[in-house]
Amino acid sequence: MGEKHKPKLAVWKFGSCAGCQLALLNLEDELLEIAGAVEIAYFLEASRAAVKGPYDLSLAEGSITTPHDAERIREVRRTSRYLVAIGACATGGGIQALRNFADADDFVRTVYATPKYIETLAESMPVSDHVHVDFELRGCPVNGRQLLELTSAFLHGRRPNIPTYSLCIECKQRQIPCVMVSKGTACLGPVTQAGCGALCPAHNRGCYGCFGPMETPNPEALSEQWKRLGLRDEEIVRAYRGFTAAAEAFKKESEAREKQAIQS
Amino acid sequence: MSTHAGEKEIQTSTRLPALMVPHRFYVQKVKRETRDTYTLELQPQNTPGELRFAPGQFNMLYVFGVGEVPISISGDPARPDLLLHTVRAVGAVTKAICRLKPGGVLGVRGPFGAHWPVEEAAGADVIIVAGGIGLAPLRPVVYHILSGRERYGRVALLYGARNPDEIMYRRELSHWTERPEIDTHITVDKAEAGWEGNVGVVTTLIPKAEFDPQATVAIVCGPEIMMRFTVIELKKRGVSEEKIYISMERNMQCGTGSCGHCQIGPYFVCKDGPVFRFDLIQPFFGKREI
Amino acid sequence: MTGFPAKIGSRAVLERRNLQKLFDVLSTQGYRIIGPTVRDGVIAYGELSSVDDLPAGWTDEQEGAFYRLKKGEGNALFHYGTGPDSLKRFLYPPLVRLWKARREDSGFRIVEENDEPPKYAFIGVHPCDLHAVAIQDKVLMTGEYADPFYALRRRKVFVVAVNCVKAGGTCFCVSMKTGPKATAGFDLALTEILEEERHYLVAEIGSEAGASVLREIPHKEASASEQAAAEEAVAEAARRMGRVLDITGIRDLLYENLEHPFWDEAAHRCLTCGNCTMVCPTCFCTTVEDVTDLSGEVAARLRRWDSCFTGEFTYIHGGSVRASARSRYRQWLVHKLAAWLDQFGTLGCVGCGRCITWCPVGIDITAVARALREKKAAGLPAPAGTPEKQGDRHEHACR
């Protein structure tokens, strides 16, 4: 790099809790290093100083939930060489995508005294539904190590080592006994993408699916196993309607189970 | 430096076999072959060492900090002091390789893999069929044959490119076309204005080549579909499967048959291949998702 | 001690109360002792500091997708089935750094690293796992390219095997001829006997190193009745084996049915999660990650366990060769029970049952192999060739 200009980094927030931006800020040891390697041009969570685009690398957090968001993300895309969607909201619609399963207007009318001031889209959608993204970094929140790996890979023009396989591969490598097999705990690990380091199974809990569907998910087979473990369809629906409810594979499965729950 | 959450890699001693670590080579020269394909001339950085190889073998090429890819050797086996690789820029690593300038450094591991049957073919007719960049691992075969032309019967080189712009090694090809040693034919799938040569897939060239099917060794390299149809045509002409050799492409990482990625049935493509005698690979060749 | 000549092949008896001495001797010799211990609700290999870390009084119950830790008979130390991990974790760790390099003006330089790998003593290794090590030896230490990471660890190993006196619910070592009795690959092999008034171990000496360790532990020659008790305990385990896998002609059965519609059914339940490959003691596939630090001054190559169930595994420019669950499941099974034989002269399965127990949906390799055999015998749909193959009546000519 040396004398060459430092790549300009921008971090954008859409419909989200800002937790993924915090994951970036929480990289205390490496944050200075990042600041040394890139010019942090736009990152309101960290600094009010905003440098104009175009940007070399844009990280977009949050889902697209309003017409204004939809407009803004197009502008971000236009001014960014690389656009990376970060986190469950930006890559899968987030927890707020639960509204996709109901009528958004109903919610607006219930929550707001003057609904006419609220302008919202019917569905909370991932960034990729609106513009082309160069990479999607999953997680609720994103994993700091993966964020670093992504940044480092971007800076040096290599492919990031971000696996899309199941959480189980990571879980087993970390020597965690399977909670589903050894304790009968329902776990979304087999259909969820790796990346968090099998955080929940490491603490004796089943995976909540924060990283969204893995590359070739088979939720139907997993649900059948859950039924053998004694879960009811309603419980299965709830498990898939978490942080990545709008991700296609999870959405399809939760809808299928919902139908069965109604029938039974 | 692990990329995964909360883990630490285990280190070990440096008693690593030479084939496990990249050796530094200097880029001497870069020649642009087509829009996205370049030939690099490489020389070892430290030792005045040589990289002896047999036609059809490959190296793993590493760009510092970017990654490593398998690339077949496209130079002259009689010149082990000069390592040649022809690379098409399609992914992060190959693009980084193609961006290298003279003086740049590349890591090299190899050579790996089985080679073309240039010794077994002595005394027989040889038909070489290349599709696209598949010509690169076949060029060493041509060099080898030319260096001892009298040891072979009739030799034909059939080369198919997608379009005239995709033709590599132009100067050499036209040289070979003009000379009698090798019966060279070129075709393109799609012609453009000004192209006066053959148009059609490479198999359409097979009838143009003269050879004795009973005493011919066929050497075929290109996309799988092209190899499949070439084999069918060659068999129609009477060449038996034991005399046909193809080169397979799979995900190769270690080069030593231990990472497991490149398996096809019982074979590790990196170690048992990439060159296979067709009758041996046939039970697994062309099978969906094998 | 007695005049018993501790030599290879002879059998001695150790009283349970003297077993700590084995730990002491091995520690003194600089070994890190790895053995079964209760951890997170399973009996798994871990580092042991004394005999008290062994799972005394614990056992397990296993079925497809099911494992439960249970109270066992008395205070038996070694009455467990295989746990989720094998020796693979220690001899072929899930993540190693192959090398590290620094950027230099003229390119890069590989940084020398000189960490000595640990010296492991494994206690309580089941015969199936010994066979798995023997298979990994073939895969990783023979032939043109030996793996130095494996070899350095492997060569220093001391093994105290334990003959199985309790067959697990998912294992089938009798079918695979890998147990329940250890026949090779150990320094000492123990058979645990619990009697009303007595708790002892019959120890077979498997190597000179084993003999010399034994000489430092109070022991006596095993009597005929003690030996018979040990034989009977193992024979009983063999009779109670949970599963059967008929390996007659298994290689050809698989190769000849690569295109059988059966694979679609088999893959229907498969999650492509890769658990089976992670717990398998012989699966050896790895991937490399080329990484850099943020500055780009330091680069490294990491090697990580990989699985043939991932998409990246067969990725070449243009996509994955094996995109479907069907093809990945087939690859795994055909590799284990057919291709492995061609590659390494042995099957890749030792009958430990881990892939059955730890498959989250309990897919059973023995049931799958049996179903394929039965469908074949029943003359169900003939293997369907790919369209371009159908006209080509060339028989499969496997090596």
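Letters A, B and C name the chains as they come in the text, with residue numbers starting at 1 for each one.
Here is the rule we go by: a contact is a pair of C-beta atoms (placed from the backbone, for glycine too) under 8 Å apart; a residue touches a chain by one contact, two chains touch by 3 or more.
It should be emphasised that the depicted structure is a prediction, and the values quoted were computed from it without experimental measurement.
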{"item": "Chain contact graph, described as a line, ring, star, complete graph or other shape", "value": "complete"}
{"item": "Chain ID, smallest distance between chain and overall C-alpha centroids", "value": "C"}
{"item": "Euclidean distance of C-alpha centroids - chain A vs chain C, Å", "value": "37"}
{"item": "Gap in Å, rounded to a whole number, between the CA centres of chain C and chain B", "value": "38"}
{"item": "Shared interface positions of chain C, touching two or more other chains", "value": "95, 289-293, 296"}
{"item": "Two or more partner chains touched - positions in chain B", "value": "2-4, 7, 65-67, 91"}
{"item": "Junction residues of chain A - those touching two or more other chains", "value": "149, 156, 158, 161, 173"}
{"item": "In the complex, chain C residues that touch chain B", "value": "93, 95-101, 103, 106-108, 110, 112-117, 139-140, 143-149, 152, 255, 258-259, 284-293, 296, 298-302, 306, 308, 313-317, 321-324, 326-327, 331, 334-335, 338-339, 341-343, 386, 388-389, 394, 396-399"}
{"item": "Chain C partner contacts - residues on chain B that touch it in the complex", "value": "1-4, 7-17, 19-22, 24, 26, 45, 62, 64-68, 90-91, 104-105, 107, 228, 249-251, 253-254, 256-261, 263, 265-266, 268, 271, 279-280, 282-284, 286-290"}
{"item": "Contact set on chain B toward chain A in their complex", "value": "2-7, 65-67, 91-93, 95-96"}
{"item": "Residues of chain C touching chain A in the complex", "value": "39-42, 44, 65-69, 83-85, 89, 94-95, 268-275, 278-279, 289-296, 304-305, 307, 309-312, 325, 357-358, 360-362"}
{"item": "Contacting residues of chain A [partner chain C, same complex]", "value": "1, 30, 33-34, 36-37, 148-149, 151-153, 155-156, 158, 161, 163-166, 168-169, 172-173, 175-178, 180-183, 187, 189-191, 204, 214-218, 221-222, 224-225"}
